[in-house]
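Please find the structures below.
Each of the two complexes below includes chain A, the first together with chain B, the second together with chain C.
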Partner chain A sequence: MVSEIYTHKNTSPKPCANNGLLAGRRVVIQPNMSACGWLSDAGSPALEGFVALEDATVVARMRDAGAELVGSSRMSELGFGLAGDTANRILSGGEADIALVTDTMGEARVAAAGSAVFGFKPSFGMVSRSGLVGLVPSMECYGILGKKMEDIIDTLSVIAGKDKDDPSMPDETFPDFAAARKPLKMPCTAGVLKECVDLLQDRERKAFRTGLARLEEAGLTIREVNFSEFDLFRVVHHIVASVEASSSAGKYDGVRYGHRSSSGKNWNEMYLNSRGESFGSGIKTFLFQGAYFQFESYPAFENACRNRRRLVRTSADLLGSVDLLVFPTRRLEHDAWRAATINHIYDAFLLTLPANVTGQPSLHVPSLALHAGTDIGVQLVGLRLDDPRLLSIGMKLSSTAQGGASHEV
Partner chain B sequence: MEYRDRSPCGHLTLSDTGKEVTLAGWVDALRDHGGVLFIHLRDRSGIVQVVFTPESTPQTVCDRAGLLKSEFCIRLAGRVAKRVEGAENPGIATGEIEVVAKDLAILSRADTLPFQISDKSMVAGVAVKREEAVAEDLRLQYRYLDLRRPKMQDHLIKRHRIVKAVRDYLDEQGFIEIETPMLTKSTPEGARDYLVPSRHYPRSFYALPQSPQLFKQLLMVGGMERYSQIVRCFRDEDLRPNRQPEFTQLDLEASFIDEGFIYALLEELTARIFQVGEIELPRPYPRMTWTDAMNSTGSDKPDLRFDMTFKDATDIFAETNYSIFRHILSRGGCIKGINVKGQSEKLSKNVLQNEYAKEIVPGFGAKGMTWMKVTDGGLESNIVQFFSDHERNEILKRFGATNGDVILMIADPSWSLVCSALGQLRLHVAQRLDLIPADVFYPLWVTDFPLFEATDNGVTSSHHPFTMPDRADFDPENRDELLSLRSRAYDLVVNGEELGGGSIRINDRDIQNRIFKALGLSENEIEAKFGFFLKALEYGAPPHGGIALGIDRVVAMILGTSSIREVIAFPKNRSAFCPLTEAPSPVAMEQLAELGLLELGGSPSLPGSKKQQTLIDSLSWVSRIRMDAEERPGIAAAIDDAKAYADLINSRCVDDEPMFSVVTAANRTRQGTESRVSPFAEKGEILKNAPSTKGGFFKVASILE
Partner chain C sequence: MKYEAVIGLEIHVQLNSATKLFCDCPNRPGDEPNRNTCPICLWLPGALPHLSQEALEKAALACLALNCTIQPESAFDQKVYYYPDLPKGFQLSQHHKPLAKNGWVDIVREDGRIKRLRIHHIHMEEDVAKLVHEMEGKTPISLVDFSRAGTPLIEIVSEADMRSPHEAMEYVKTLRSQLRYTGSAECSLEQGTLRVDANISLRPRGSDEFNTKVEVKNMNSIRNVGDAIAYEIVRQTHCLEKGEPIVLHTRLWDPEKRITSPMRSKFSGPCVPDPSVPRIVVGKDWLIEIQGRLPEMPGKKSERFLREYGLTPEEAANMSFERDLSEFFEAVVRQGLPPRKVAGWMTTHLVPALRDHNQTVRDTLLTPVRFARLLSMLEKDIINAHAGKEVLLQLLSSEESPEEIVEKGHLRQVSDTTELEALIDRIIAEHPSDVEDFRKGNAKVMGFLMGLAMKASQGKANPKLLKEILTKRLN
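Up next, the complex of A and B:
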């Protein structure tokens, strides 16, 4: 049942229910999402051999909605970045229609760009994370990859909503996703960040402009806007995420589950050795950085959180003057699947991580911005809890996008 | 209401009925019967019920009483009344009466308590509803509240009684209490010293005393003849659950005495203090030499409340064909065993082989264990087939074995390993099978310790270098002879716990010199460490000796508490930390500079070299993640990145409040729900993912080696 691209391959994916919203659709998940009886090791020796005892809320909801769970992909260690992740290969290989990919810094959207499908990160807080093996609790959420916009809207309708098993969910009223399927109200203005476009190489900028032109064809108005603190998104994400990761990873002790070192004479040594052997070099480096901020430079962590508030506010202010913001999804020279060091990972997700810092919804629309056959992606970002509007724009662009996709094939 | 008229709550009795009294104390518990309020008022003497009723109490007082909450400190006046028939509470000493309140003053309000203090029910026959056991660190953090509990008050009062009994008796015996310095010079007691830097002598340190050893001997040279002191001592030893960095000793020393004096003195003394806990110690205390103790129990502090002492079986197997024993004996080893009488049913073959032989005994350091069950006059075991008929018969005879017995034997080339492992096994089996009688106290003197212990290249003192040897004619260069010397030391052991120890000291400069020579100390070292003391021996030092008794341990044993922290007002926790004051704590750089401690580390480190290494190692420790040598450079570079990020973000500082989450945290206190055991835990499924389990628990490495 273990293969090169699957952590767990489900031999009997047919669900009991056959009349749900997701009936007949094949879904692949990641092994950090608990599925009862499946190896759910989050790609890490820290959970070596961990077999989930019950379904994550999201997994249970998808099963109930009739989805066929084909298995879990391989994934990067604890879901940080995409090194070794195979969700896009499973989708491209036609073995699944929908994939769930944890989005901590843009993994779902960048993975979607790599398999010519739509990729959506919903507003932070709308989907229960009970049963998700997490690393960065203030930023990560389930991302949805789907070949069609309907796949994304249907999946989101099924998995979103309150859950008593996830006490971290806010007391907010979540939007009704029916609006997502309705035609987009025009006019609609899309803002492009000058500071973001300035970062791009010429060929990237050219491809991005092609994508913007397709948006204009679809009836959107494009406007350039300024975000002078844009460069802070990366450093804020890095400091906050490393601190949260260091804290979250504290629970991996090799006692209740996971890897136990064969050496270690006493409790402290058992702990030091087991954890030393439980983390790969990338994540370990990140945890040390987190420990540095936590124990040696806590004011920097607080200042990062102060700046986070400012970034959230500025971003929301901008979205008062335009209906959505547009970014490319990824860079040409930074392959997220090869990025294994912390700095390379941050390079690869530079354009997607702002939405994780702000908790805003973000949709990757495929095949609009191509450079020599490589899709750098068009990524739309909207106000928090304004997911339906973002999705309805996606529906509108869907015909354009699918035209593009057929070119590539 | 005047304090000088105050009556102790716990002393009121039926004979006080009708009396007007003034009381002061704390509100232990309250019960509101719609208009009639009952409280338990507690002071050090006990608890009395007070009633506020509209019939007898002025309305303003009733209103004020309505404000009362647990642990408010109050003063009140009222009249003692017999309780109505059927309302008595035998759970408290004053249960037949109550005080009808006339006046009330709230002296001091109490905040919400971190844990419940009251443990007396207000209703007869109803157990008080206690929260789950309070975590010890929380108790220590709020020790002043913990001390309000009658149990803790009783412990400290009894401790006072015990210490007073000690002082009274020693005073009767002509001992005088003399204080010795706390800021002193390091003494050779074997443990690490707590050091105190001197401001006037930069880079020089006082040591806190590990014991007043040298001072009490100097007091004898000073002609004080009989000295005693209840003294605080300090040892910076490795953490153990029942050990405190500072502890209290009864320290005494006397001149012109021998061992007999100490035995008689201490037997009477300990017998008296155990009486505080209503414990009669059997006298006289038996004596056992160290060699006998090791040979019969494998311990220098034998627990003789139960038998199961060792029998030596080495000679039985002198000609054996059993290869493992033959091999061990050919290397000069020995075989000892115990007979677990009549416990064959409780010790199954599975337990003996798979638990004891394979897991438990190897944990005691022995390579293996041999077990034999006695059935129908024969022996049954996995290896008994290798024994000859003669050997089997001799075993039965040697161990006095009868049907239903289990014989456990350990063989090893090392005598001390056999003793130590079998000794631990003896205790383990006794505890497991509940063979140790409760409420029995078995005091014992252990005597004739070896004077020296072997080290890799010489010898070291087993006790301390001032202990008198059993003979003076030894050659300090002859290691074998040194190791055969016995000391005139004695330990007082009760129930397998060492309560105290001491010795007759050397009062002869020549013997003392030869002891130091035996220890391999050079003239210069001797002079530097003990010069002042040796000089004193040259001025007519009298023969003398003494003993020290661990007061915390003695009190804990007399009161039967689970740890010595229960009999110390403000102890450190198991990690030698004080949750109340948060000591030890960092100090300001200025303080260190003033003490000249900043320059002690040598020259300042080069950037990125040692300091960086220390930072990485400290991060590795605090986050409990070991790193390889190959990983270190990458991590060092990442820490440099992190520092650069810290500088960047600090330079772009803004005034906003920190945002830790983009959503507002919701209050998820689920009221009205009860804590429950997860079904996964109940069925044991939770253990399925564990890398190592044992008997329904997660198995981990021990906390200490």
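Up next, the complex of A and C:
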């Protein structure tokens, strides 16, 4: 069943297991997450009519844990940005308790900010990507949206962990999520990036300061820290993500599935026409930019990779001096749902994309930093693969956050 | 000739691992089209590659057999190009960080001296799908067979050390022999499991510059490799003599017309690191374990055969060139037979007989033990060489023992002097004019009479005795 806000609506969502960790909870996914028999077109005509042959690891694990899969939302083409994404409407409308939204540059966290719920991007490598119709393999992951911290923690503990079908996951042992369920007891220092605060407008800064004050009320110590290369995150993300996207989207050629153009005298024309007719202008621009760096400016790509390694190191070093970093989640004047050009999309995700560049976990806590009813969000970033600690800080803020909730639809 | 050829070879070898490189599909490209496919090798959305450990081990073994150093860290890149044989828009290949570097093989030059040819590096990559072009009525159509897509290859990139077609052919032969020894690959040019691309350029003799090269593809035998290179050297020489510039391009060898002609080259894009296949980090223990699997290589084995068995250099080379044959040889020698006799019989009789019967030492009924019993009957003069060849042929298709075959076929050698004397007397009596000739000094008649006598004995006479008697009688 198809509707304005669903790509696929499940007519029999009742799970076979009734006693799992997610029993009784309704989950909405996206059509870039394979669910056997469901349309999995990742929001793109390039995958027109593609029906998943098997469940993604994450989907199978949620089914086994008793989740009711209500359907898949509409999403932006190939999960890049939030244009046309309906996950937050499904949550706000009370039709689901939990939503999974892929997070390539902050989509899950920004979507959470738009529906007054918690939004979490796990560490890169924490959750299997098998069955995810991806675009930027080194940055994307399943993001989790939930009304309560418990929704986030329960979902993560179900979907996280080693999977033989995703050999790119790290060898390290996976953390125990029991620690995440208890609010962090020990003293906790949050670092605020000076370079980040400097680029905010006055009213954004004011809202963010309100949010920081709420963190202090909850017992966190706020400290200003410096990250002189903060502005590199955007350009590094842009170059690396566009190059990876250009490569990954190469498989959408209309040969085995998806839209195939009816015109074309030979296969070169078939490719050109099929791909030309399939992709929307936004994603097409992004793929072109990636192809430009690949084919015409490879040293820029290599440079971006080097810079990325340095940003990862600096970010990890900073987290040696403070327990977590705090950013706003989004900006007032950059609406991610309306962003139409690549530049506007990058403006809208400027504050969330650093965690995708570094692979660190990041949690959006709702309703702490409001400006005239709009939540710009408080976003916490922790050390890679130390997700439980970040979540237990989230638990600590949870009561504060829910006390001040102001729902926005 | 005032020019010298500079030749480098890029050789693709299909590994014979049970599965494809990144999924569990059978590595059998020849099966019915599109049978051996899965979401991973079809690159359906959401599928992730996982590197086959067996393919990695076989690749590493091949690298060690060619004296390369396995790199502590290697990684896969995406080689981007768009073509229907490539289901995902890029080929996974090791461009920036190959599996192994700095190898070599020794070959014998035209003048008999040993020359060491260097290998620049060896990397792993996946093979692409196979395109089949057909007509549907009057419309040309192209079909894609993904059974081959994702099967494991290694690419062996030589330094440009070769100077003649002979050196290139010897390089391919030696490399093929060493790779087959490891059991990692079949290496058949005819079946396409070993594919040779040659880069050829010319320069004034004595110069050490590298000029624009031309790539030649599509040689499906070692002889074709030599012929295509020889043709290309002549073609380029004519170009230079006419003052035409050499342009970088790819040419196709036509085995029918025996010429090369230019082909439209595939567009080849950049290589970006692949984020989904984990880097290969080689541990010390793993490497020791793979090194332990490396058999004695043909060069070493040949030296040992020379030393231990007293074979001539040529016999030693023949007996060590193929691993199966060398093991067969040693198994026969262990039965107590003289090594040179074994080597001689294997080269002159066994190998041609196997070839004629489309058998190999691996699959034939003729085990080393049965072959040894045959040779031992020869040694003991129970049968003669003529009968030996007859028994050998029967052993290829019969499970009877050599002794049974000899008895049943009445092939036992006749060494009874009385019987042989009677036979000779009859021949002499029947050919008085020939005997006359001989006595007048025509020595050739001796051979003729021997042949008649042997034939009369149905090939069973003991030739030594026969000759003694004949000589005595004639004089």
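By definition in this document, the second predicted complex is superposed on the first by the 405 of 409 C-alpha atoms of A that agree within 3 Å, B and C clash if a C-alpha of one lies under 4 Å from a C-alpha of the other, contacts with A are read in each partner's own complex, and residues count from 1 in each chain.
The definition used in the following text is that contacts are C-beta pairs under 8 Å (C-beta built on N, C-alpha and C of every residue); 3 or more make two chains touch, one makes a residue touch a chain.
What you are looking at is a predicted structure, and each value in this text was computed from that prediction instead of being measured.
In this overlay on chain A, chain B clashes with chain C.
Look at A:130: by the touch rule set out above, it reaches chain C but stays clear of chain B.
Contacts of A:318 after superposition: neither chain B nor chain C is touched. With both structures placed on the common chain, the touch criterion links A:87 to neither chain B nor chain C.
Using the contact criterion defined above for the overlaid structures, shared-chain residue A:165 touches chain C, although it does not reach chain B. In the superposition on chain A, A:50 contacts both chain B and chain C. Touch criterion met: A:358 reaches chain B, while chain C stays clear of it.
Once the two complexes are laid over each other on the shared chain, residue contacts for A:112 go to neither chain B nor chain C. Of the two partner chains, chain B is the only one that A:292 touches; chain C does not reach it. A simple residue count on chain A separates chain B from chain C, and the partner touching more is B. Touch criterion met: A:255 reaches chain B and chain C at once. In the superposition on chain A, the residues of chain A contacting both chain B and chain C are 50, 53-54, 138, 167-168, 246, 250, 255-257, 267, 271, 295, 305. Interface of chain A with chain B (complex): residues 48-51, 53-54, 124-125, 138, 167-172, 229, 232, 235-236, 238-239, 242, 246, 250, 254-260, 264-273, 275-277, 279, 281, 284-293, 295-297, 299-300, 302-310, 312-313, 341-343, 358-359, 384. On the chain A side of its complex with chain C, the touching residues are 32, 34, 40, 42, 47, 50, 52-54, 56, 129-134, 137-138, 164-168, 243-244, 246-247, 249-251, 253, 255-257, 267, 271, 294-295, 298, 301, 305. On the chain B side of its complex with chain A, the touching residues are 615-616, 618-628, 631, 634-635, 638-639, 641-643, 645-646, 648-650, 652-666, 668, 680, 685-686, 688-692, 698, 700-705. Contacts from chain C toward chain A in the complex involve residues 39, 42-51, 78, 80, 82, 84, 87-90, 142, 144, 269-270, 272-273, 275-278.
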